[in-house]
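The chains carry the letters A, B, C and D, assigned in the order they are written, with residues numbered from 1 in each.
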Amino acid sequence: MMHTSTLSDAMKDCIEHCQRCHAECLETAMNLCLDTGGRHTEPEHFRLMISCATLCQSAADLMLSGSAFHERQCALCAVACEACAQSCEEIGGMEQCVELCRQCAQSCWTMSGGTPRDRAAAGRRPAAS
Amino acid sequence: MMHTSTLSDAMKDCIEHCQRCHAECLETAMNLCLDTGGRHTEPEHFRLMISCATLCQSAADLMLSGSAFHERQCALCAVACEACAQSCEEIGGMEQCVELCRQCAQSCWTMSGGTPRDRAAAGRRPAAS
Amino acid sequence: MMHTSTLSDAMKDCIEHCQRCHAECLETAMNLCLDTGGRHTEPEHFRLMISCATLCQSAADLMLSGSAFHERQCALCAVACEACAQSCEEIGGMEQCVELCRQCAQSCWTMSGGTPRDRAAAGRRPAAS
Amino acid sequence: MMHTSTLSDAMKDCIEHCQRCHAECLETAMNLCLDTGGRHTEPEHFRLMISCATLCQSAADLMLSGSAFHERQCALCAVACEACAQSCEEIGGMEQCVELCRQCAQSCWTMSGGTPRDRAAAGRRPAAS
């Protein structure tokens, strides 16, 4: 009677992690970071947080839409989440953001079907050779 | 030490309701509705679901960003959620979507600071007189 | 043979103005403002630019989707564009952003069907009376 | 005096192609496809159009935000645009969408720094070996 989602449990978890990470990165950047300034609004860090929020939303939307491209978007989202977590950790005072980025990265790796070897390679641009 | 959100509890609830409603509308439209066809892909209904998903995301993002425009976006989001809930109810088989739209509408009305009189008026275009 | 858009010319113009304003606000905030700092990353100003970008995208998407809510979203978008233009003008050095915000505001007012009286009222929360 | 964009001409072109393709795919799906039904609302095709619109917006936003992840997002966007163009071509009557998807794919490939070998590989999931 009631529509029951046909998405797998792993995908539902990943969507939720992406939505939480999107919210945390956007809220932290637009409130804590802007209000604090200094290293928090250093362009490279701030861009990482906004990029991470953008990619989390896009990954969630592709999963929700039944898109054939969700795996590849999740792989890129995982890379962004890990970079964002590391940047937040170095600056400090953003432990919840670090934690939600790491959870999302893990969930997105699982969803992308990636192996540890893919994961190691993902930090680099795809080689042409 | 850890960044603690400075958003009010009511706003945090509203963000969560908007994210859930966005996810439910997008997933239902792009899976159940497309797979079922018939009344489920009737243009007016399908557009309502996608509009509702768009407005929920926009309302959530404005709240997360500390935007001065979040109240007015929440007021419009509430109108869309109520219209979407009604359309889903008439077609049937989308009870979870109906419920999440109604929860989101309620939460957005509270956030918009609207009175019942505003609420009654919101279904109409703002009168010039 | 070829699909020809059935959108009105006024709506096509408004969509284009919204997309240009979205791009200019996002690019300016994430590049010029972050690289310059000072008044450019003052929270109220920076949030206005990101809010304006969000509302322009949402207005464009609702128009493209045939949404019944596009008029009311355009009315809110116009308010945000005017506020963003004024803030950019006061800080200075963002003339192109000021110009694109003002063009978008004008186009969105036309699309919203608003009268000058609506426009004057739009800066305030909608009155219940 | 006036802020002049520091983005390269190639990137500005790519942003514009992504915005045009986003608009065309979303408008066509939500108007022509929904109004026509039949093959136009067949789930695989409709999802491709919405996925393409999502990825174009995300690629544009990452470029506008100065994100380090824009090249990889453009590579994925190009794959989606080519798939969407092919699906629209097979169904017919969407020549403008086909053309804008192909232009966007070409522009995104250039932006991604991809070689023809990358391009051939992009249709497949990244190999672990």
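General observations
Everything that follows uses one rule, which is that a contact is a pair of C-beta atoms (placed from the backbone, for glycine too) under 8 Å apart; a residue touches a chain by one contact, two chains touch by 3 or more.
These numbers come from a predicted model, not from an experiment.
Of the two interfaces, A-D and A-C, the higher number of touching C-beta pairs belongs to A-D. When the contact pairs of A-B are matched by residue number against B-C, C-D or B-D, more than half turn up again in C-D.
With centres defined as mean CA coordinates, chain D is found 24 Å away from chain C.
Averaging Cα coordinates per chain places chain A and chain C 28 Å apart. Averaged C-alpha coordinates put the centre of chain A at 21 Å from the centre of chain D. Taken residue by residue, chain A touches two or more other chains at 30-31, 34, 43, 47, 50, 57, 61, 65-66, whereas all remaining positions touch fewer. Residues of chain B that touch chain C in their complex: 43, 47-48, 50-51, 54-55, 57-58, 61-62, 65-69, 71-73, 75-76, 79-80, 83, 113, 115, 117-118, 121, 125-126, 128. Residue ranges of chain C in contact with chain D, taken from their complex: 1-7, 15, 19, 23, 26-28, 30-32, 34, 57, 60-61, 64-66, 93-97.
Considering their complex, residues 30, 34-35, 37, 41, 43, 46-47, 50 of chain D touch chain B.
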